[in-house]
Amino acid sequence: MIDLSVDLPGLSMKNPVMPASGCFSFGREYSEFYNLNKLGAVIMKAATGNERQGNPTPRVAETASGMLNAIGLQNPGVEKIVETEVPFLAQYAVPIIANVAGSTIEEYEKVATVLNKSANIAAIELNISCPNVKEGGIQFGTNPSMAKEVTRRVKAISRFPVYVKLSPNVTNIVEMAKAIEEAGADGITMINTLTGMKIDLATKQPLIANKTGGLSGAAVQPIAIRMIYEVSQAVSLPIIGMGGIETAEDVLEFLLAGADAVAIGTANFNNPLVCPEVIADLPEVLKQYGFSSVKEAVGKAHSV
Amino acid sequence: MIDLSVDLPGLSMKNPVMPASGCFSFGREYSEFYNLNKLGAVIMKAATGNERQGNPTPRVAETASGMLNAIGLQNPGVEKIVETEVPFLAQYAVPIIANVAGSTIEEYEKVATVLNKSANIAAIELNISCPNVKEGGIQFGTNPSMAKEVTRRVKAISRFPVYVKLSPNVTNIVEMAKAIEEAGADGITMINTLTGMKIDLATKQPLIANKTGGLSGAAVQPIAIRMIYEVSQAVSLPIIGMGGIETAEDVLEFLLAGADAVAIGTANFNNPLVCPEVIADLPEVLKQYGFSSVKEAVGKAHSV
Amino acid sequence: MKKKEKLKLISSEKLAKDTVELVLRNDYISRQAEPGQFVHLALAHHTLRRPISIAETDQTAGTVTLLFKIVGEGTRLLASLPVGTEIDALGPNGNGFPISKLKTGDSVLLVGGGVGVPPLYFLASALKKQGISVQSVLGFQEKAAVFYEAAFQELGETQIVTNDGSYGHQGFVTDVIKENDSTVCYYSCGPLPMLAAVQKKLKHKQGYLSFEERMGCGIGACYACVIPTKEETSYKKICQDGPVFAASEVIL
Amino acid sequence: MKKKEKLKLISSEKLAKDTVELVLRNDYISRQAEPGQFVHLALAHHTLRRPISIAETDQTAGTVTLLFKIVGEGTRLLASLPVGTEIDALGPNGNGFPISKLKTGDSVLLVGGGVGVPPLYFLASALKKQGISVQSVLGFQEKAAVFYEAAFQELGETQIVTNDGSYGHQGFVTDVIKENDSTVCYYSCGPLPMLAAVQKKLKHKQGYLSFEERMGCGIGACYACVIPTKEETSYKKICQDGPVFAASEVIL
C-alpha cells in the first residue's frame, strides 16, 4: 500500500497533486468532469483588491511543447471570491489555497485582510510575479528586497500559512528563496511562467495583445526542475513544484528534485482529467521506482 | 529577386544564416554534407587559452522540444584552433567568427591575443556564459559589471569586431545589453542556453554528469524572441539572434523581433542540412510575407 | 458529468479550396449537439486543443459533421488524418443559437462568411424542421472557396456573395442584406469585420452573432477567450457564455 | 558527400522480450555498412536522433537489419512504426570492427551482452565469409531475452549465458570465457560493466570493444559522446572515432 499523503503548513493532503492557479478558475468547470474530492488541494485563480478586467485578446498562443498566456489577472475581486467562489469549493473535503495578487503592497495587504474573514481557506499563495506600480512596474518577484517586504507585510496580517510563488525570470533563484524565507514565508510554490513572446508572421506584430506572455508547459520543465533542485537544498521551506507536469512520472521527477507536492496547470487544458489520472497512476509509478510513499521520494536526487 | 545579403561589423554575408557555436564544431563534419560556401557565416566552437577536456558524460539529454547539454567547452586550445581549424574553414568564402571563452579575464585576453595572429578571422563572439573562477564562479554573463569589464578588456586587445553573446539566465537582459554596449561591443549574439536539469528516474540522479545543462531548441524560442524584441529596441548594436530556429519561418520571426541575422544550433543535430535548407527556403518565405529583402524585415514587429 | 469523447473519423473530403469536411461518429455528441456549439479537439504533440463548430449531425447514424479551413499546423494535421482515426474531443461546448422564441411560420435571416457558414447550415436544418423559413446570404472570398450552396438552397432562398465577384454577387454580404425585410431576426457567423458590419447594418433588427477567439481550456476555466459586453460584469467567455451572443449585448 | 537517407520499413518483428527486429530497405547503406557501424535515426517530434547498430545487411536485397530493445519513448515509437514507413537516417556512421589484419584460418572470440549482440552477428557473418572461424559467448538477462542463438550456432561454436540461469550457463559471460584459448583476438559489445569485466579478464589478448553513449549530432560535431583514452589527446568521440575502440586504448 503506497502512502500518497503529504502534510505541509496548513495543508493536510491525501495526495500531492493540485491544480495550479489560473488554470482551474475556481473549480466549477472541472467539477463537471470529476469529483474534486480526488484532489490533494486546490489553488484558486488570482484574487486582487477589486475586480479586474484583465488584458485584451488574444490572451494565449501555442508554442513548441508549451503556451504563452497574458490573461492579466481577470477576476471578480477578493470580496466576491470569498462570497461566491470559496463556498462552492468548500463543499469538497480539499484544502483551498487562495492565490493573492496586487500592484501595490497595500493591495496585497487588503486581499490578505479580506481572506482572513473566510472560514474555509487553508493557506494563501502570494503571486509576486506582478508589476509594482509604485516602483515603476518592477516585478515584486524579481527583486529580493521587494519580495521580502511584501512577504513580511502579508505574513504580519494573514492568519493563514503563506506560500510565496517564485518567478523563474531571475538571475539567482536561491537569493529570492532566501529573501522570502527570512521574511517568514511558510512555504514556496515554484515556478511561475517565463516571460516570452511569439510574433504573428501575418500581422508582423506580437501575437498576444499584451505583447509578452508567460511561457508554461512541458517546454519549461527542465528549468523548473533545476530551480527546485537548487532552492530545496538552500532553504528549509517546503516546496510545491510545478512547470510542465503531465504525467505521474513527471510528478516523481519533481519529488526527486526536492518538491514536497506538485501543481498542474497547462496540462488541464489539453486533458481536463489530467489531475485525477495522474493521482491514479502515481502509486504504480512510485512502486515501480522502489518507493512506498511520496515523502520517501522527496529530494532523493540531492547529492549525498 | 529577394536580397538576402546582410552587412554587419566585420561580416559581409550573402545571407543571414550561420551555424551556432558548439553545434558545428569547426565545420569539417558538416562539410561532408554540403558545400559550406552556402552559409552566411560560420561560428566556431568555443576556444579557451589551453586545451580543455570538458565534462564527464552523459553530456546531453533530450527534453520536450529541446535538449540539455553540458559539454564543458572541450576544445584543443586557441593556438591549435588557429593552426589547424581556421585554415580548413578559410578555404570557404564565408566569414569566420571565433567563439572566445575563459574562466578569468586574463584567459579571455590571451585567447583574443592569439586570435589576432590569424589572418582569416572576421569577428569574435565573446561567450560570457562562463563561471569566473576569481569571482567565486559567478558567470560573467549574469553580472553587468563583470560583463562590462571583460568586454572592455577584450575590445582593447582584439583587432576584430567583438560580438558579445548574452546569457538568458538574467533578471534584466536589457541591463546586460546596455552594459556591454557601453563597454564598446560591436554587436550582440543572443541567446545562449537556459540552465536546466533532467533527473533520471532509474538512477534518481541528474541525468547529465554535470548535473545542470543548458536548455536549447524550439522550447526556448519564445524566450529568445522576447529578449531580442526588448534588447533591439534598447540598444543600437546589431543582433545575431538564435534559440530554437528550425525553419525559414522561424528566421523571419527573429528578423521581425529585431535580429539582423540568425544562428542555428540544436537543429543541426536532427537535420545536418538544416542551414542550407533554411537558406534555400528563405526567399520564398520573405516574398510570401511581402518583403523583398532581409534588411526590410528587421525589427518590423516593433511598435510604431 | 462532462466527458472526454472519442470521435471516430468516418470520412474526410475536400469540399473547396483548403476546405475540408469531416464526418465523425459519436452517439453522445451527435445527440447532445445544438446549432452554434463546438467541439474542442486534441491533436498529437499540440499543447492546445482546436475548437471547431458542429456543421451538422445525423442522430440516427450517430454522426457529427465538421467543416474547416486549413489555416495552420493543427488544421493541416486534422485534414491529413486517415479514416478510422479516433480524435479526442470535448463537447458539445458553449451555447448555441437561441431559437426557442421563434414561432412556426416565422422567417429568419442567416448571414455567413467563409468558415462561419458551417454552423449556420446546422441551424438552418434545425429551423426547417421547426417550420421556420430561412433566407441565407453566404459570403466567400472567391468562387473556389464556395461550399454548401446547394444544401442551403434546399433549405430556403440563398444568395452567394464573393469578394472578387468570381461567383454570385460581387462584394460583401452587407451589400446584399437589407435593413428591412420580412425576417423577424438574424443569425450571423463569420470573420469579426463581417460581424461588425452586419451588426451595424442590422442594428434595428434582433440578431445573434457567433464569435471566434483563441482558446485555452475551451470550457470556461482559463479566461483566454473573452469578449467585452455592455453589462457591467463586462467581459464574457466565448467558450462558455458564447460562442453565440445577442448582437445588442456585445461591443465590437 | 554524406547524405540523409530514407530507410523504408519492410518488416518489424518481436524476437524476444521487448526486443524488436526491423528490416529496412536502402541500397546505399546496405552496400556501405561495415560490422560495428550504426545508423542515426530521426523520430517525429524528438529533438535528438537515436543511434542503432547495424545487425545485418543483405546487399542483393538492398536491406539493413536493426535489432533493438524497447527502453524508452523513442524505441517504443520505433517498434510501433507500420511497415512501409520511411525512416530518416544518417549512416552508416562511425568505424566498425577492424578485421583486415586477420588471416584465413584464424579463430576469433566474440563476446556479446544483450543488445550488444546484434552488431556481433553482422561481424560473425562477415568473418565467416573470409574463412575466419568464430567462437561466440552471448550473455542475456534471462531466457525470455535470448535471441539469434540458432543464427550464431550456424556460424560457429556458441555458448549462451543468462544471469538468472534460466537458460544456458548461469552467471556472466566472464564466467565462461577463458584467458587463454586458441583465438587470436576478441570483439565485444554490450553494457559498460560487461565490457570492463571482459577487458580486465582478457587483458593479455588483443581485443576490440564497442561502446554506447548519449549522442547529439552522431557525426562528430558536438562532442557529446566522448570516451577517455590513453593518448594525451585523451577524449575520443564514440560516434566518429568509435563506436569500436581497441581494448588497450580506452580507460573504463
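Each chain carries a letter (A, B, C and D) given by its place in the written order, and its residues are counted from 1.
Throughout what follows, a contact is a pair of C-beta atoms (placed from the backbone, for glycine too) under 8 Å apart; a residue touches a chain by one contact, two chains touch by 3 or more.
Everything numeric here is computed off the predicted structure, so don't read it as measured data.
Colleague: When you check each chain against chain C and chain D, which touch both of them?
Modeller: Output, common partners of chain C and chain D: nil, no chain qualifies.
Colleague: Check every other chain and keep only those touching both chain A and chain B; list them.
Modeller: none
Colleague: Which chain's centre, taken as the mean of its Cα atoms, is farthest from the centre of chain A?
Modeller: D
Colleague: Could you work out how far the Cα centre of chain B sits from that of chain D, in whole Å?
Modeller: Using C-alpha averages as centres, the distance is 36 Å.
Colleague: Rounded to the nearest whole Å, what is the centre-to-centre distance of chain A and chain D, using the mean of the C-alpha atoms as each centre?
Modeller: 47
Colleague: At least two partner chains per residue is the criterion; list those residues in chain B.
Modeller: As it turns out, chain B has residues touching two or more other chains at 63, 65-66, 217-218.
Colleague: Among the residues of chain D, pick out those that touch two or more other chains and give their numbers.
Modeller: Chain D, residues with two or more chain partners: 45.
Colleague: Across the complex, what residues on chain B touch chain D?
Modeller: 22-25, 28-30, 32-34, 45, 53-54, 57-63, 65-67, 69, 71, 74, 217-218, 266, 268-273
Colleague: Please name which positions on chain A make contact with chain B in the complex.
Modeller: Touching chain B: residues 63-66, 68, 142, 169-172, 194-199, 201-202, 204-206, 211-213, 215, 217-223, 225-226, 229, 244, 249, 252-253, 256-257, 289, 300-301, 303 of chain A.
Colleague: For chain C, which residues count as touching chain A in their complex?
Modeller: So the residues of chain C touching chain A come out as 1-4, 42, 45-49, 90, 213-227, 234-235, 240.
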